[in-house]
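Next up: some structures, all given as structure tokens.
In the two assemblies presented below, subunit A is common to both, partnered first by subunit B and then by subunit C.
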Partner chain A sequence: MIRLLLLVSLLAAGAVGVRAQHLLDWSAEEIRAVGQHGPWPPPPVQDPSNKVSGTPAGIALGEHLFNEPRLSGDGRMSCATCHQAGREWSDGLAKARGAVELDRRTPSLWNIGYLHWFGWDGAGDSLWAQSIRPLLDPREMNGGPTRAGELLRSDAAFACGYERAFGSRPGSDDERLLVDTAKALAAFQATLVSPRTGFDDFRDALLAGDRESASRYPLAAQRGLKLFIGEASCNLCHLGPRFTSGEFGDIGIPFFVRPGEVDPGRHGGLGRLAASPFNLLGKYNDDASGSNARRTRHVQRQHTNFGEFRVPGLRQVGRGGPYMHNGSLATLEDVIRHYSEVSPDRLHSDGIPLVRPLGLTVEQSADLVAFLRSLDAEALARPSPAPLCP
Partner chain B sequence: MRLAAALLGVLLATPAWADDCPLDLGRGTGWVVFSDHYLMAFRSDPLRIEVGEPFALLVNVCTRRSGAAELLAVDANMPEHRHGMNYRATIVAKGNGRFRAEGLLFHMPGRWEITFDVRAGSESERLTHDIILK
Partner chain C sequence: MRLFSLVLFLVFATGVSTARAADELPIFDAHMHYSHDAWSVVPPNEVVEILKKAGIKRAMVSSSNNEGTKMLQDVAPGMIVPELRPYRSRGEISTWAKDPTVIPYLEDLLSKRRYRAIGEFHIYGADADLPNVRRVVELAKQYGLFLHSHSDADAVTRHFQQDPNAKVLWAHSGFERPETVREMLRRYPTLWCDLAFLTAHVSNGKVAPGWRELFIEFPDRFVLGSDTFTPERWHYVIENARWSRQWLSDLPPDVARKIAYENGDRLFGGAP
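This part shows the complex of A and B:
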């Protein structure tokens, strides 16, 4: 009997031992760091600068406009041409293709509503201001300043959808209608929240002390996550639930776009921001308190902004790509190799030691990739939008 | 992401020699920084500084001889990373040595050194204080 008990307890100990192998040791400090990358999903976006943000009528109008090629100069291109639902709201291309090929990659729209700066160079300080740019840009949709207004006035369904969202029939002020079009587009885009992932299940289990659930997270991803929040310090910039500070960095990607021509990145973006009639300091900001314009009011343009680009969020990152603002790295493995081998000479700023060659082993690199892939999940297929005003 | 050491609960008992320049920030919490010539108390608004979120600093600055002093500039940098903020604070004087510095934003966790340029008469000085954001 005693032997039997001994055997049973040994078996139990063995089972526990096996299970314990699937969960690395996580220090209190590490658990705290992991916890900062959640919870997920976050609460819905409410943008005080946009009066139709979060409103069903604004979102519905925005989704129809998003898919509307008549907003473009040649009537053939919509927002959805480059921001495709089936391609993580990007296009899978290294460089975006509008009326011509552009110098930067089409950014994914996942979780875009939670940002404070928009575009790779942060030239937009609201999602709606940023949405105006491709509508007008001759290299992109080339719609011209009056096209959105003409469409809202002339198309019965859009006119009705506009009235439901904004409370009045579309008027004659084309600039106002362009802004309202962008605000509806923004209301829709802000609903694009990426799905929960294996990482989120692990994070929640780890915080709850649920070792059994936590141990279902692959060991390679656990090791990669430890690197991410530890030795590699990726979370200095890729922080929070969306894995981005939303700010800008220079990570040593060459910024020549053609011989003799550079992409100035954030430095150029801040110049365009200041010059834009649509920034949050202007008359189209719906937030009377003006408190949401604090970043815009206080941001400073510095020479170190040359060659800086927005730190992208990492959710769904493995399903996107190519990578970097210019699509110059094809795979996640290439990205990890870049950080492992980046030459400090390639950095344009005065030796800020944040980006340094990590010198990762083959196994460490694979672990980081495994972790990054745990930030991916299959999104539910999107049903086609219901008619605006049936 | 929150301020590591919750705000130091420093009770700002006003020293007798600072009668004309009270260091009380109104909530009994904040940091005190001093040098041979200056005394300064400050707290953030909101009280908890979050990575990536704008905040303001309420600052009271006095000379050791109990007069109100002037706050000229507030800035911050991460010494280990050799970079500053991406934002520039503006200062509003509230009278009697009280100031509000608006528009600061720490975009990264780690150690931030806040610098305060203060002046009384022709004599100016830089006071610093470290904050660790986690």
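This part shows the complex of A and C:
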């Protein structure tokens, strides 16, 4: 109610021509649209499929495992090798480099816990299931199915950390220990929430009717935001506080990976999801009600899924290039140019297209980039994790 | 003994494999494109290999700028049914209907080459009454060709208003609900529907309610399609054929055969 009154007073002030020097006119509809991109930060993640989600012991174990190279086949690669804290939890490379160079970019882990599909192709329906894949994949960490269990049993600190998190000493069931390793990894990753940004301050001020604070937001970013939620309709897919629907789209990026071979994207991911023993329909889902498996139960493969990739969140986007699932665009400017010039022929005509060539002017493109950069902020340096069992 | 067992296994395995190939439902694919951006990344010989692996015995192909269709005909004349597209580049989807150079381009090609259809073209609502589209309907009548129309029901209705005897292949069945498709099929006896890029007619591998009744009522009016609208989509053709056979197996065998290839053969035949 208070927010509504403030909104009304803000609009009334605008109507009588009292305008701050550096604040554009924002309609009630625009303010509502801007408001949907917050508040920030969101409440902490609580994943019912993961019994150590949100628990201090699970998070601590997960952070140590995240930095542990002994989980990999050659003992040289950890999760942190590709998901580097100093590089926005990615690696800055166009294509990820595991045991070999891969076909996709390393996705950032910022705000990863809030998704409902994981990986560029959505082959994981939980963060812990997704965390198993690189551990086993011969092209990535190549750890094999028993390595996590062996580590948890043989290393006193990990055994102790495991007991604190899961309530018992590591047993002999290697698959169970692999899943528990992934659940601890997921508990840690879910704590990676990006910092508040200049946009968040503007959004909150705008909703509160605080024109003075709102006017500190750069004009170029304001113009870019208006485009983002208006004419360009970027917020149809990049919606909500994290600026993503969490779903998948074909935005006209070619998806050949080499001659004669394509990356099928979501279409392939759905096949792997259905075949995975670790999906939420399986025995490792800790949610006895099974209600969190509804999406997995009902999702169906469609022709449109071929070549679709997950819509990434945009927080910290300016600090995290290269861009697109395959790192094919080097800069934010390239990304905006893509959307400005995308060929509609690469997109199937079926109803109103979500993606269309925007035909942006140079100024509009610069404004959109300014807005996107306002979603960036410096994250606090992360202290080294405390010992598991001092 | 071990060698004998191996030979026996190979003979048996080969026999099973041959029997399986013979049993595999052939497919007439009535909705393929081979446009300019595909030529270098999926060369003609590779296209033919994909068609063979997919069990597609014949495919109706259009391409922007129509040279792709010719390239495929040159390497596999018996497999490719040519369709004339009013686009010289893929960028003409939204401009062709008002472009004065399109009709002379079509008339020139029709005077030089033989086609089975004009399309796939994109047109919606009242735009189907634009002079270019009217002329395309006339050309189809003059040359006895199908109109392969990616349209809403309104545009299809306008095609028939212009030529009540037009033969129209409705691309993607208009992405319409089965009730609308039924109404259109009942109203226009020379309307056929392709199922390219549709998934609504299948649910968990079975034919969805509404569509099943439609296929049973009109078994002669549907054909399959892959819609290779980007070069990458050529690498989806085999998977699409496998998926199509899966849902077709949920229909009575005679209906499945008609939709899989008999309708395509009857309507579009082989190479002209």
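The working rule: the second predicted complex is superposed on the first by the 366 of 390 C-alpha atoms of A that agree within 3 Å, B and C clash if a C-alpha of one lies under 4 Å from a C-alpha of the other, contacts with A are read in each partner's own complex, and residues count from 1 in each chain.
The rule we apply is simple: contacts are C-beta pairs under 8 Å (C-beta built on N, C-alpha and C of every residue); 3 or more make two chains touch, one makes a residue touch a chain.
Just so it is clear, the structure is predicted and the values come from calculations on it, not from any experiment.
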Partner chain in contact with A:Glu261 - subunit B first, subunit C second, else both or neither: second
Contacts of A:Asn67 with subunit B and subunit C, given as first, second, both or neither: neither
Which superposed partner A:Ser78 touches (first subunit B, second subunit C, both, neither): neither
Touching partner for A:Phe248 - first (subunit B), second (subunit C), both, neither: first
Which superposed partner A:Thr55 touches (first subunit B, second subunit C, both, neither): neither
First (subunit B), second (subunit C), both or neither touched by A:Gln300: both
Partner chain in contact with A:Asp345 - subunit B first, subunit C second, else both or neither: second
Doubly contacted subunit A residues - partners subunit C and subunit B: 300, 302, 304, 350-351
Contact set on subunit A toward subunit C in their complex: 254-256, 259-262, 264, 267, 300-304, 306-307, 343-346, 348-351
Residue ranges of subunit A touching subunit B (in the complex, touch as defined): 32, 36, 116, 235-237, 239-240, 245-248, 294-295, 297-300, 302, 304, 350-354
Sites on subunit C touched by subunit A in the complex: 35, 41, 46, 64, 90-91, 93-94, 122, 150, 172, 175, 197-199, 203-204, 227, 229-233, 235-236, 239-240
Partner subunit A, residues of subunit B touching it in the complex: 1, 51-52, 54, 80-90, 102-105, 107-110, 134
